[in-house]
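Each of the two complexes below includes chain A, the first together with chain B, the second together with chain C.
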Partner chain A sequence: MLQALLQAIVGGLMTGSQLALPAIGFTAIFAVLRYPSFAVAAYMTVGAFAAVFANTHFGAGVAVCALVAAVAAGVVGVATEHTVLSPLRPAGALTVAIGSIALNLVLENVVRFFFGNDMRGFDMPILPDMRVAGLRVGAQQLQNLALAVVVMAAVFVFLRFSRFGRAMRAVADNGDLARLKGIDPKLISAFAIALGAALAGIGGALLGMDTSIDPLTGYRVLLSVFAAAVLGGLGSIPGAVVGALVIGVAEEVSLLVVPTTYRGAIAFFAILVMLSFRPRGLLGERAT
Partner chain B sequence: MNPNTLLPNIATLRRRDLLKIGAAASAGAMVAVPAWAQGAPIKLGALLPLTGAGGPYGGPMAKAAKGVIDEVNAAGGVNGRKIELVIEDDQTSPEAAVRAARKLIDVDKVAAVMGTWASAVTTAVAPLCWESKTFQTTTSGADSITLLPHQGYLIRTQPNTTLQGQKFGAYAVELRAKKVFFITPQTPFVKTQLEGITAALKKVGGTVGSLVYDDKRPSYRSEVEELLRFGPDAVILGGYTPDTTVLLKDMFRAGFKGQKLGFGYSINQKLIEGVPADVVEGSYTISPSPAEGSQAYAKAAKLSGMANPDPYTAQMYDQVNLVILALAAGGGDMNGTTIKNSVRSISQGAGHQKVDNAVEGLKLLAAKKTIDYDGASGPCDFTDIGDIVDCKFRYEQVKAGKIAMLRIA
Partner chain C sequence: MLSYVLFTLTIGGIYALLALSLNLVWGMTGMVNLGLAGFFAVGAYASAIATGAGAPVVVGWAVAIAAGVVAGLVITFATLRLRDDYLAIVTLGFGEVVRLIALNERWLTKGADGISGIPAPLKSTLGQAGFPLFYLVLVSLIVLLLWWALRRLDHSPYGRTLKAIREDQELARFAGKPVLRFKYEAFAVAAAIAALAGALYAHFQSYVSPDHFQPLITIYIFLAVTAGGVGRPLGAVLGAYAVVIFLEATRFMAEVLPGLQAVQLAAVREMLVGVALLVVLLLKPSGLLPERIAPALRP
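== the complex of A and B ==
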């Protein structure tokens, strides 16, 4: 029993790490633009398909595929934000959020139109699981974890130490004050979207490398990503990472007692509990 | 002209003419009726998937049916009466099938509706048939079909999923498995297949575990985790190609070393091409099989124009033969009820003479012999509710990227 529990925790940390990047993207967009972007699911899908394309047509390796995914998703994110979602901004955050749901559907179906519904996989060798202290760990998952950690570290350094990063944090903290200081909100918003979408794209590509991709790749984990961001505190990037790991572990451990078909309920449950008792999330700041 | 004077004349003329015509007609009818009654053709209906998801199968099925009926008519028909085949397209859609069935039953007044393919179509058409006492033969496999209150007006030539489950369980036992895990998406067949597998394992004191998964997921790590915890010698995969592909990959990653059994329509050439060889190597597949190598199968091949008729064409060949022989054996009104009452008298029975085509069978029936029809799809012996008792199955194994046939049994 203990073995099963440990295996579930290890597995949960692995799947949680796959949720971390999209969760950071989601929360970054919320921090700067102040709306929950449900289009991150589509950004993940676009990234995943771009990565598969690079892999199967050009033989690109893991790192290059991730880069291609980031660029593709980032471009799509900025383009659609500018044309579709920005015009909705004056109507309020809720309207933009609803618009992002619609955008998600449209992008998903555009992908479906060009690539069809079939599942496709990367042209990479299927590696057998590794055994560490009697526990099974996916080899591809470990690779993905390493890449995710590198990306997260890069994001952290960027936000902390670069001018752009500091500007982003300023806008997230207090938009009006930031504008007074001469920071152009439009530019920062575009950048936040680019970053958020790119992270979601990389997340989608990594998820696809471990499993397989289809137009619903992003949509399937959207609920878990949203739950992770809420759990960690909307707007808090470390919170998104913690939230993703907690959600991952919670889902895997719950499978020991509940049939696998109920996995989706865990994320719902987490959102419900967190919003009822501690709306700011685990690491979020109290609303002023 | 005065209209008042005209009208009575026309009316009188008309009446007189009418009387004349009427007298002539009834006289003619009385002369003609005896002639019609003697040679009135027997109408049989074929409700086939000429278009839609089952489209590839409808054409060959129609050809096989026409072939059998042409042969029977050339040999003199049934008791001097010719058989007339009416074919309608069900478009593999229950709605279209019901409209077409209504036409066959109400307008053409067929004695039998044969060849319904999709389970949903068969389920929709069945009440129309038994309520109008029209006999129905089908190639659908869903267990629920023969459990409908059809009062004997329905038989099928396709093995139901309980039988298929039994075959899977029996083969797992043959592969010396004591612990079998059945992993499947949610389908109407889960329970019946599991029962079939469990029954086979119980006979050797084995145990069975099972798991139902969502067939749209890109990864089944957790499901495979549960599978490994059970520790099976053999895993039976009940899904279709897309989800089975993902499942096999995850089982490979997890290092599952036992036997894998799946359905022939799932672990097929397309799946093999989509995964690395190691992932699917050694997997066994089982599919219902026509009685290849039998004379009946060869005849079905000739009539349908296919070198290797698919199971449905072979079954259609059998269904037409069975219906014709049942009509001949029953005699009398030659309608659906006749078929219902006589079909088992010509399809099974110890000591009866075996036949595999209607022409020969009709000759034997005329000579007052008892016959047992064994056809292109199998022995065609039916239970009380219309299921086949047994049929052949194809056992194959994936070896070095190709599907190798092990046996047909």
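== the complex of A and C ==
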């Protein structure tokens, strides 16, 4: 029993690390642009398909695949934000959120149109699972974990120390004040969406390496991504990482007692419980 | 052909009820409900299960309405105090979870097989020919009744308070309105309407399964309400019929676009729905029948 529990926790941390990147993306978009982006699901799917394409057609390795996913999703994110979503901003955040749902539907079906509904996978050598202290650890997952950690570290360093990162945090903190200080909100918004969509894209690609992909790859985990961001506190980037790990572990541990098909429901109940007792999340600031 | 028209108009009426529900929540009060398909499912399953246990159809519909109210209150309990975007996230989750429960709790919902043999009211006396016409009249009358009631509400002090909350919650609170209570009530009533629509759907089709309640339905209804006119019940109703006609028209797309596979046609169809919603939001956010706001009385 203890063994099973430990195994679930290890597995949970692995899936959690894959959720962390899209969760950071979602929360970064929320922090700067102030709307919950449902299109994060489509950014993940676009990233995953771009990575599989690079892998199966050009034999790209893991790191190159991640880069391709980031670029593809980032470009799609910036282009759609610029043409479709940002004109909706004067109508309010909820209108943009609804626009992002429509955008998600369109992008998902563009992918479906060209690639169909079939499951696709990466053409990579299947790495055997390893055993560490009696626990099973997937080598592919471990590789993904390492990649996720590297990307997250880069994001943290960038946001913490670069001028651009500081400007982004300033806009998230107080948009009006940042504008007074001469920070161009348009540029920062474009950058936030590029970063958010790129991270979602890498997350989608990592998810695809672990399992397989189809046009619903992103949508299927969207609720878990939201749960991670809400648990950590909407708009908090360290919160999104903590939230993703907690959701990953919570999902795997709960699956010891509830059927696997209820995976999506666990994220939902985590959101409900968190909002009932501590709506601002573990590391967030305010929720009202 | 006649039966096809009757069928389409009946589905149009059921979508019109969903649109009235969404208009009450989103158009009038400014709250989002991305779980509309979930409330639709709750009503359909509640009535199917109740009548399956031997209850008369009317009792089944009452059970559906009650289930809708309870679901609406449970969902809003944790979230209405918070910023509006949390409601968006929670309602989206609700829609998914309802479908998961319908898929997995086989003892209650028969899982993916769905519940069949749901009694169609008066079908044995009216026969195969009379029933569709009777049901169309029934659904249309309910649409008419609810449209009339919501229009009354729209012009009443209660409706004006809801719109005040939509425009500026703080101001409404400052004016002494119990904002939270109004929001709970509006959401619960809207959930009940969506659940009633579900019950009507279940007894019309005689069969429900989790596949009938895809999140896509919620997007259809958002398209209906935004295209018809946010905040105006007549706009929501007409928008719903327009969306159903639009969806039916896309069925004939295969003839216009030969050489595409079935999956590609389905993708084009869903894409068109998404594009239509974006176009309406971008070009005519107030819809075809914009809401009318009476000029303020001069003191």
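Here, the second predicted complex is superposed on the first by the 285 of 288 C-alpha atoms of A that agree within 3 Å, B and C clash if a C-alpha of one lies under 4 Å from a C-alpha of the other, contacts with A are read in each partner's own complex, and residues count from 1 in each chain.
One rule holds in what follows: a contact is a pair of C-beta atoms (placed from the backbone, for glycine too) under 8 Å apart; a residue touches a chain by one contact, two chains touch by 3 or more.
Just so you know, these numbers come straight off a predicted model, no measurement behind them.
**Student:** Should the superposition on chain A be reported as showing a clash between chain B and chain C, or a fit?
**Tutor:** Here chain B and chain C can both sit on chain A without a clash.
**Student:** Please work out whether A:I271 is in contact with chain B alone, chain C alone, both, or neither, and reply first, second, both or neither.
**Tutor:** second
**Student:** Looking at A:A4, would you say it contacts chain B, chain C, both, or neither? Reply first, second, both or neither.
**Tutor:** Touch status of A:A4: first partner only.
**Student:** Would you sort A:V84 into first (chain B), second (chain C), both or neither based on which partner it touches?
**Tutor:** second
**Student:** Would you check which partner chain A:G61 touches, where first means chain B only, second means chain C only, and both and neither mean what they say?
**Tutor:** Neither partner.
**Student:** Using the superposition described at the top, determine whether chain B or chain C touches more residues of chain A.
**Tutor:** Chain A has more residues touched by C than by the other partner.
**Student:** Contacts for A:P259 in the overlay, against chain B (first) and chain C (second): which applies, first, second, both or neither?
**Tutor:** A:P259 sits against chain B and chain C alike.
**Student:** Touching A:L127, do we find chain B (first), chain C (second), both, or neither?
**Tutor:** In the superposition, A:L127 touches chain B alone.
**Student:** Can you report the vertex angle at chain A, computed from the C-alpha centres of the three chains with chain B and chain C as the arms, to the nearest 10 degrees?
**Tutor:** Spelled out: centre of chain A as vertex, angle of 60 degrees.
**Student:** Using the touch definition from the top, say if A:M119 reaches chain B (first), chain C (second), both or neither.
**Tutor:** After superposition on chain A, A:M119 lies in contact with chain B alone.
**Student:** What is the minimum C-alpha distance, in Å, between chain B and chain C after the two complexes are superposed on chain A?
**Tutor:** For chain B and chain C in the superposition, the minimum C-alpha gap reads 7 Å.
**Student:** Based on the A-chain superposition described above, do chain B and chain C contact any of the same residues on chain A, and if so which?
**Tutor:** Shared contact residues on chain A (touching chain B in one complex, chain C in the other): 259, 261.
**Student:** Please output the residues of chain B touching chain A within their complex, sorted ascending.
**Tutor:** It is residues 211-214, 216-219, 221-223, 225-226, 229, 242, 245-246, 249, 252-255, 274-276, 278-279 of chain B that touch chain A.
**Student:** Given the complex with chain A, which residues does chain C contribute to the contact?
**Tutor:** Where chain C meets chain A, its residues are 30, 32, 34, 77-79, 81-86, 88-90, 92-94, 96-97, 100-101, 103-104, 216, 219, 222, 226, 261, 263-264, 266-268, 270-271, 273-275, 277-278, 281-282, 285.
**Student:** Show me the residue ranges of chain A that touch chain C in the complex, using the header's touch definition.
**Tutor:** Answer in residue numbers: 30, 35-36, 38, 84, 87-88, 91, 93-95, 97-99, 101-106, 108-110, 112-113, 116-117, 222-223, 226, 230, 234, 259, 261-262, 264-265, 267-268, 271-272, 275-276, 279, 287-288.
**Student:** Can you list the residues on chain A that touch chain B in the complex?
**Tutor:** Listed in rising order, the residues of chain A that touch chain B are 4, 7-8, 11, 15, 118-119, 121, 125-129, 136, 138-139, 207-208, 210-214, 216-217, 220, 252, 255, 259-261, 263.
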